[in-house]
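Two complexes follow with subunit A in common, the first pairing it with subunit B and the second with subunit C.
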Partner chain A sequence: MLFVFIIRMNGRWRCWKLPTRMALSTKHADDDSQYVLVAKMDNVRNLANILKAVHFKEIATIFASDLGLKITVEDFKCVQANAFIQSAVFHEYIITEEQITFKINLNVLIECLTIFGTSSLSGVLTSLKMCYKGYGHHLILMLEEDGVLTDCSIKTMEPDEVLDFDFCSTNVVNKIIMKSECLREAFSELDMTSNVLEFLLSPDPPHFRLSTFGNAGRAHSDFPKDSDMIESFHCTSTQVNRYKISLLKPSVKALSISSRVSIRMDNRGFLSLQYMIKNEDGQVCFVEFYCVPDEEEEEEQD
Partner chain B sequence: MNCIIPGKNIKVFARAIHSLAKIGEELYIEPLENGFAFKTVNSSRSAFGLFLFDPRFFDKYHRPSDNETTFQNDENESPRCKIAMSSCLNIFKSVATIEKTVEKCKISLNMKDDRLVFKMYCRHGIVKTHNLAFIECESLKAVFNSDNCENCLIAPSKMLCEAVIHFQNNQEEVTLVVSSEKISFKNYFEEYDSTKQMITEVKLHLDEFNACDIGINTEITFCLKELRAILSFVEVTNLPVKINFDTPGKPMSYLISSEGMLEATFVLATLAGDNCSNSQVPPSARQSTSQNKTRASCSNKNLNGDESILVEWDDMTMAEVEEMSLVEACASRSQCPAAPKPQPVSKRQQKTVSNGRNQSKMHNRLDKTPDSDEDTNSPVIAVQPCINLLAPNIDTDDEEKQNSDVRKEEEEEEDDIIPGTPPSKKFKSLFFGNSQASEASQKAAPVVLAADTDEDD
Partner chain C sequence: MRFRGKLVDTACIQHFSRVLGTIAKLCKTCVLRITADKLYFILLEKVVSGGTHTWCEVTQSHFFDEFMLDGLSKEDNEIFLELVPENLLRAMKTAQVAKWIKIKLTKKHTPCLTVEVDLPTAIGLSRNVVHYISVTVLPKRLWSDYEEPEMPEFDVSIALPALKLLRNVVDKMKSMSSYVIISANHNGEMKLLTETEVALVCTYFKDLANPTWKSGLDAHFFRSPHRSNVDKREFFDVKVDCKKLAQFLNVQQLCPSRVICNLNANHLIHVTLLHDDFSLQYFMPAVVS
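The block that comes next holds the complex of A and B.
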């Protein structure tokens, strides 16, 4: 016996089938071949949490390759976030094309992935099967929790060109790897009346300094290189650059769930923040942010 | 100036700042010989808070005169300054974790850049520096002497907190009723409506207090918000509170002290006489007597030579007193369903009253000029003014906000045409009433009236 509920919600069709455990295994075993991408995962939160960390704009571009998924979100042509989910994070990952690219509404994708709720207290895991037939097709999500199944079908969009920050590790002048904890604290205490956040990286004291220039006055936090929070310190010359706080703010989400962060600045003053995020199964994913510096002229216009 | 707060005391300090932030919008900082003073006063100047941290509270405490080599240009006098409360609050934002993260905090004055510097030395060698802009100002003082008070209570902090918890969050004022038999807190309503409002009375046993010295039976009404601010501090530090108070209309004070650590003083204005006594009487009952009562209480106080109230009422011209009482009478009449509604008359009165209030507000602003601290005994806490050009600007902003709020209220009142509704915040208008004295004495008043920004709103 099979109960099927089909509900139209927010302009998308969703269908619930009960009981479906058997239906899932029999129905899909044979027709996986028609998909160019099939990815399965036991705990959908591992994916949802990473997506939430880059969720500061509605539209995301998804790149799939042998290595895994890369989700790119951009804003103002000034900041770019990339979330990397290696194929190893999925318990099954089959891709038949070299690279697949499509754009998708990230709000909808996250909403669908968390359709059974986000609470981890129940101890019940939601499993996910994600399929994509190829260019022009919907992204199909099948979520199952405790015998309850949800089918979601999300429209995909024509991919646009994404920004190329051309951030090359050979051009990196200064690099710090530190535990996220103290940076998280520093970010939470930032004076939000300031437009910019200034990063100072230097081989000489104060080594690493974050400064704000708000209504109440200047404030800065210094992190000496011998602090036990700093795991690696490779600074070759002093660099001082300012970045708009509004551009950096989206990265706080990723910072808050990360365990380590790598701060890099290249010779043009471009900033890269890489967050290492451990998921519930102890696997490591990365989210990186690129941000362009604030030019002096711009600031005068402000 | 240079002082260092050790890590173990940082939490108490942060709590003090948080407590002051609940009262005022500016933090006055004054390093004194007997300790480091942090003060604030609220925008209507009906509440004043002071924390005096003993030099022993700090690891190191240097006033500029002790340290002439570093502060050559400022060796003769200790700096007095004020900073925006919000910026200071931001430094001590996370009270819960501050004790764990901060190892010591250094407060110093950077005379070169004119900045007040808070330097937080955190664990893992992280140093956070906050350079705050400040405004130099005169000393802020509440003119109040607790020794003259008839009544004195010493209450354990826990009991006070538990008593206050019973009042609703939106409750603005409470009345403290004391007699030799009982002490109780009850909520105060300007206009009591038995269908909508609930009376809460918390009775306390005399032996719950550490000490009770009651000279006269009295009922005093004051703002709950400031009491909550005080209690937010004592709740954590668990220190007993000494409350000194007198008759209605006279300020009450709260003293909290910890030997060799700190001494906190809060002074709150209380609601003037006649309003208190009938706080729980329904308007219909008040109706017949209110007109006479106002006058009676006025003359009574004169006879008693009760100076603070005298000033209060003296300030109002007799016409205004009449106006007030008329309005009150109207109000009570209009609330009584049987009474006919004298609409046209009351509308006119409404306008005169609101005009009167506007004037008093303006004078309050005028009050901030250096030579106007004449009426130091009124329920308004007399505050020594700041002689900085910048200061009035900032104050004006607050006041403007307040004024525009009041105006909005007034406009609403006028739009609704509720006949004879008294000014919605008589409490405040009473405070501002004191500045009416300056109206009579200062010829400059009309000029200020013309320049009032209120009209631009």
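The block that comes next holds the complex of A and C.
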């Protein structure tokens, strides 16, 4: 796996001409026609924060279309996170191809986006211009804060196929929309000695229950459907599924900055967690996680 | 050999602690040179561990209310001590609200710096806390190792931008790569560039000042013989260890009034921090690529 990856990177090197001395001014940037994607935003934190929410693996796949950007991160072929940043979040968004796909090192991308620091206290905004010339080229970032410029050129990689969880809303059996704060609290108190987290969704009490099975015993957190925290409750039949805690843990980052969460489970027991995240300008972005159930549990059900 | 000093003002105590805090962050052990009007903290790093050199000068009269020094002899009225700045800093930290602090060179079983702190209490009684910090007195034959460094030749001299911003940038570059290339020109422009297998990141600063040194000095220190012919836009590069640079940029807590960086292309950087009552010079050799 790793071997293939390196060869691909080497292959890409051939088309990379190293700009040893970049021009100090960004005059060349005025000619945007050479790019297939140009996106600008005034506050780079709006992008960086969403990317951090799905940053649990080094490599991410970026899909760009008319609608905006989708950033996909996967792990173990069992969990997938998608961050959606619609084009309206950017103050300028031009795309000349129907769909652009590339893989990129997310660590480096986030470090570059936050190069001027992450503190929002100073009141100074960092603006961003992101350009991509097309297949085989680098992703170019130009950041500016208070007259200081940073140019970044990040190597892109050949996109792999991403998992298709085939999660269709018509197959959804149970669905809950709730405020994030109480789920955040429940997640922070989870017994991490447990391997799995059990989700129980049911039209009957206890309605929504999270259970762990750790060294010290089992623990349940119940959320009755008439709780203030639950905004909508559509459960048609009782479903009990277990998910590896290690797979769900990455979603805590997104949970912590979200305001609402939608929990859905389909007829195969696949779990979808959708987080609604409001950025600093009040626009709404979504981050969703798909997770497959733990196998043993399925066998038991069979 | 005798040395005694007394700090009374809270602002002085805190400022002195900040200076010590900076020194403690840069090294484990340093040499404290005490002379009649100045204190010097000198750090000489071994070449294998980076080879940086720090020279920090503190004007004694700005900090100490009482100051008494009996050096090695009348001709060499100085004392050189080797100490762990972290220990002295720890003693100073307990003394942030002290009424006064006395620092003395004493002899217990070994030579010690005695830090005596008088802390106020709510009921008006005083509490005395005494710290003994063991030090090594350096014999005169070693003094010459710690002489004031000469100002190195340089290609370009530039006033650095706000250290906080610079530190943010260098910190991020540090997590990507171990080296950063600092470049500056005579047109008030500076750039920091780092390059890895995955990315190339370059930050540009402009409208910085190019300090002018006295004309006599100019001729002496500028390496380029025909300076008038030099292209003002030509950049001079120095590749340095990113971790070391990030560590040094932590000195921002000192709020220096001016920070000037001299670059000697492919050789070294020399950063001078200027403040009313202290100055700090930092020499960092270039990494050969």
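Throughout what follows, the second predicted complex is superposed on the first by the 267 of 302 C-alpha atoms of A that agree within 3 Å, B and C clash if a C-alpha of one lies under 4 Å from a C-alpha of the other, contacts with A are read in each partner's own complex, and residues count from 1 in each chain.
Everything below uses one rule, namely that a contact is a pair of C-beta atoms (placed from the backbone, for glycine too) under 8 Å apart; a residue touches a chain by one contact, two chains touch by 3 or more.
Note that this is a predicted model, so its numbers are computed, not measured.
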Exercise for the section: Quick one: classify A:G147 as touching subunit B (first), subunit C (second), both or neither. Expected result: second
Handout entry: Partner chain(s) touched by A:A219 [first = subunit B, second = subunit C, both, neither]
Key = first
Practice task
In the overlay, answer first, second, both or neither for which of subunit B and subunit C A:D191 touches.
Solution key: first
Exercise for the section: Identify the partner contact of A:D228: answer first if only subunit B is touched, second if only subunit C is, both if each is, neither if none is. Expected result: first
Problem - Touched partner set for A:N82, first subunit B, second subunit C, both or neither - result: neither
Exercise for the section: Considering only touches as defined above, state whether A:C182 meets subunit B (first), subunit C (second), both or neither. Expected result: first
Practice task
Using the touch definition from the top, say if A:G117 reaches subunit B (first), subunit C (second), both or neither.
Solution key: second
Handout entry: Touching both subunit B and subunit C, residues of subunit A
Key = none
Practice task
Would you mind writing out the residues of subunit C in touch with subunit A in their complex?
Solution key: 161, 164-165, 168-169, 172-173, 175-176, 189, 191, 195-207, 235
Practice task
Please give the residue numbers of subunit A that touch subunit C in the complex, ascending.
Solution key: 9, 18-19, 21-22, 24, 105, 107-108, 111-112, 114-117, 138, 145-155
Practice task
Could you please specify the touching residues of subunit A with respect to subunit B in the complex?
Solution key: 182, 185-186, 188-189, 191, 206, 214-224, 226-229
Handout entry: subunit B - residues contacting subunit A, complex
Key = 83-84, 86-87, 90-91, 93-94, 101, 115, 122, 124-133
